[in-house]
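The two complexes that follow have subunit A in common; it is paired with subunit B in the first and with subunit C in the second.
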Partner chain A sequence: MTPRRARVLGLVTIAVLAVLPWVLARHQLSILVDLLIFGLFAMSLDLIMGYTGMVSFGHAAYFGLGAYGSALLLIHFQPPVPVALLAGALLAGAVAVPVGWFSTRATGIYFAMLTLAFAQLLYTVAYKWRDLTGGSDGIAGVPKTTLFWGGPSLADPHAFYWLVAACLVVSLRACRALTRSPFGRALEAIRENERRFVSLGRDARPFKVVVFVIAALFAGLAGALFAPFRGFASPEVMFWVLSGQALMMVITGGIGTLVGPVIGAMVFLLIQEVLSSYTEHWMIFTGAIFVLMVIFLPGGLVGTARRWMEARG
Partner chain B sequence: MTPVLEARGLGRAFGALLAVNDVSMAVASGELRAVIGPNGAGKTTLFHLISGLLAPTRGRIAFRGEDVTALSAPERCRLGISRTFQITSVFPELSVLENVRIAVQLKAGGNFRLLGGRGLIQASERRARESLAALGLSDRADALAATLPHGDQRLLEIAMAVAQEPELLLLDEPTQGLSPEDTAATVAVIRRIARERQLTILLVEHDMDVVFDLADRVSVLHFGQLIADGTPEEIRANADVQKAYLGGAD
Partner chain C sequence: MSFLVEQLLNALALAGLLFLVSAGLSLVFGILRVVNFAHGVFYMLGAYLGFTAMAVSGQFWLSLLVVPPVVGVIGGLLERSTLRFIYRRPPIYQLLLTFGLALILEETVRVLYGPTAKPVDAPALLQGAVPILDTLYPRYRLFLVVAVGVGVRLFLARTRAGLVIRAVAQNSEMADCLGANVPRVRTLVFGAACALAGLGGVASAPMTTAYLGMGIGVIVDAFVVVVIGGLGSIGGSMAGSLIVGAAQTWGAFYLPETAMVIMYAVMGAILIFRPWGLFGEEE
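Here is the complex of A and B:
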């Protein structure tokens, strides 16, 4: 896609996002907010998976840390929501430093297993540390406070929608810039051929740890939005099932495209939403759809669309 | 004058096998040295020892008189030792230009610029284009590396190493798998680059014509040991080498 076409498409998307709250019914808007939050989460996974070639099976841990961090802060101190967002993201990023440091000692499937092990460990902590996390009940009644001290309330559905949409757009742009920076270019080289990368004069591991932490920051931001939006945080938000779904969202949308995983998350959750209202066996169908997509649309929705446009010129 | 590269008593064992055994050699500045030897003689192992991909079990390596035995491969690269691989090793899904550009960037620094850095990228791109031009790959700059024919991929590898402006260039069988025409072209390119950039080159090669055509001096490895060292004429005349390698069976 030409830069100009991409810019037009971006502006159209922002315009659509701006109009939607007036078009959609209240519960539809609430579904949309959910889609955007998980879109942000899936996008963050793409940084390590698509751009650096590290498949993490434990990305939900950082979503969960963000959710718990923001939930606890909002429940106990009622700061403005952006403060809780920052805290949630930083908590996730801080935990990702040691986890990334250890996990990147391994590569491939061993890296994946280490990230999974750390995530399940964190899940167990959330489950067992009842005094802090409320155990399996989680933390309920997380308030949507204000935009800033003395500022407008975010309890209004439109207001919270704007906040989530702004977070997604800003994050997407930041990640896009990251992938185009000297650092981002180095990540792609690591993905393509790590041995060659090392022989060209740099150790790959520091790059991997840094991008792992950055991905955790954005996953934490998504989780930190999730807690006040849904009003709760529970251990499920850091369970391996969510990590697995994040992988499916990224693959559905298109690995290494950033926008793709956002779309992938939306499609994935919409299919789930629609199917689950007809049948309790919806997982069979989402699984089948996923298999078909991997076989017939390699590169995901966005990857396939790009190839199609390139072929047409 | 201090040699650019000096190995002393270099050895590497894999279990009971001594892949490289007590190798001592010195390569002078500006020299084009070839290492030859039959299959399994330890040529590639020697290369890995010099570039730092493998640690020696014995001996020392000095670069410009400085002991680098304890340094990692990336550290040696930053000091000025760049290499190519026997089995083509490029970044397949990146463009030819980006393959070379990243080689420049990794050596030059600024790799942790997370945002912006456009000036850095443009500067490295200029140097990458020069290197591509020197290897005659300019018109392939935008192609994905994976789509290049084998011969051009071999040249791309050399372009990546040359763009790093190393003092010592290690070429591991640069003409491997090339047609006679491509081999001749590659030899010409290597000779020209060596002269223009005043590079010191250590070359592992199978093809005897290439070696005797290019090298200032030749070292012969046999079962991990250096059995001869001299000018191409001396090596051609050496009886041990004849027996060990140059068709002693005929």
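Here is the complex of A and C:
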């Protein structure tokens, strides 16, 4: 895609996002907020998966940490929501430092299994530490407070939508800039050929740990938005199923495109929404759709669309 | 003293079940280079089919004999119809494909059997408990310790299939060169590994009942086992199973709230010194 076409597409998207809340009914708007939050989450996974070639099977842990961090802060101290967002993201990032340090000792499949193991460990902690996390009941009644001290309330659905949309757009721009920076180029070099990268006299591991932590920060941000939006945080938000779904979103949308995973998350959740209104056993069908996508559409939706456009010129 | 023996036997019984699952996981990885996320679901499938076989025939030994091949055939068919098309892709695609298969199978079992757990009776011969020193120990668990330990050992050491498995796990390229039909071997190995998981499932059902979610529980443990022991190494799976079995059993007794944490702490400690597992080789 030419840069000009890309910019036009970006502006159109922002315009659509700006118009949607006036068009959609209330429950449709709340579904849209959900899609945007999980879009942000899937995008954060693409940073490590698509750009560095490290497949994390435990990304939900950081979403969950963000959710618990912001939920606890909002329940106990009622600060403005952005403070809770920052706290949630930082909590996720802080935990990602030791986990990333450990997990990046291994590569490939070992890395995937290690991240899964750590995520299940964190899930167990959330599940068992009843005094802090409420155990399996989770934390309910997380308030949507204000934008800043004495500022406008975010309890209004439109206001919260703007916050989420802004977070997504800003994060997307930030990640795009990151992937185009020298740091991002180094990540791609590691993905393409780690051995050569090392033989050029660079150490790959610091890059890997740093990008792992950055991805966790954005996943934590998504989780920190999720808690006040839904009003609760429970162990399910760190469960392995969510980690697997995040991988599915990235693959569905198109790995290594940043925008793709956002679209993938939306398509994935919409399919789930539609299927679950017809049958309670929708997992069979999402599973089957996913198997077919892996076999027939390896580039995902965005990758396939790009190839199609390139073929047409 | 008797308490120590009891704990030791518990650890061995758990290790035996874990070994049946993680050996298959390791085998598939060693030969197909695929991490089969659906492997735990085949374990669950074994437990549920064991429940059905018991309900139909009332014969535990029969179901122990019949169910694993059935699970193996289902696994082989799934490999033929999906996995075989994507062996050339990066490993993540195969992992994700098996994740999709796991979702389908798990939900199918839910549709067929409903959400409640299904109890399975141990055979009359193995019901009750035996006195060991001055405590009573459940016979069925003792059976697991002895049967799995001895059975697997004999299978690997004395049968032709065991020989091939060890050979391929050791050096799959060389085994290929010695005239194996690769696509067929892949299907057979995948099916055999699923059958092993199914066997673990049938055998575990009298101890744990058959329930939804038992697949993911066991696959995460099995991942820890192979990470500790090293993927693709049968001996590693055995060592890893013993370590995880011991960590979980003693952890559950001394620190019930943090048993899981112990397991991961052990894993972390081992990985600091051996990032590829005790018996694994650097990729």
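Note that the second predicted complex is superposed on the first by the 313 of 313 C-alpha atoms of A that agree within 3 Å, B and C clash if a C-alpha of one lies under 4 Å from a C-alpha of the other, contacts with A are read in each partner's own complex, and residues count from 1 in each chain.
In the analysis below, contacts are C-beta pairs under 8 Å (C-beta built on N, C-alpha and C of every residue); 3 or more make two chains touch, one makes a residue touch a chain.
Everything numeric here is computed off the predicted structure, so don't read it as measured data.
With the C-alpha superposition on subunit A as described, subunit C and subunit B fit side by side in the combined arrangement. Using the contact criterion defined above for the overlaid structures, shared-chain residue A:16 touches neither subunit B nor subunit C, since it reaches no partner. Shared-chain residue A:107: touches subunit C; no touch with subunit B. Of the two partner chains placed around the shared chain by superposition, subunit B is the only one that A:200 touches, whereas subunit C remains out of contact. After overlaying the two complexes on the shared chain, residue contacts for A:251 are found with subunit C alone; subunit B is out of touch. Of the two partner chains, subunit B is the only one that A:192 touches; subunit C does not reach it. Taking subunit B and subunit C in turn and counting the residues of subunit A each one touches, the greater count comes from C. After the chain A superposition, the centres of subunit B and subunit C are separated by 80° when viewed from the C-alpha centre of subunit A, nearest 10. In the superposed pair of complexes, A:116 makes contact with subunit C only, with no contact to subunit B. Look at A:182: by the touch rule set out above, it reaches subunit B but stays clear of subunit C. Once the two complexes are laid over each other on the shared chain, residue contacts for A:8 go to neither subunit B nor subunit C. After superposing the two complexes on chain A, the closest approach between C-alpha atoms of subunit B and subunit C comes to 13 Å.
On the subunit A side of its complex with subunit C, the touching residues are 49, 55, 57, 102, 105-110, 112-114, 116-118, 120-121, 124-125, 128, 240, 244, 247-248, 251, 281, 283-284, 286-288, 290-291, 294-295, 298. Those residues of subunit B that touch subunit A in the shared complex are 51, 53, 72-74, 77-78, 82-83, 85, 89-94, 98, 101-103, 105-107, 110-117, 120-121, 160, 164.
Those residues of subunit C lying in contact with subunit A across their complex are 29, 35, 37, 82, 85-86, 89, 91-93, 95-97, 99-104, 106-108, 110-111, 216, 220, 223-224, 226-227, 231, 257-258, 260-261, 264, 267-268, 271-272, 275-277, 283.
Interface of subunit A with subunit B (complex): residues 174, 177-178, 181-186, 188-189, 192-193, 195-203, 206-207, 210, 214.
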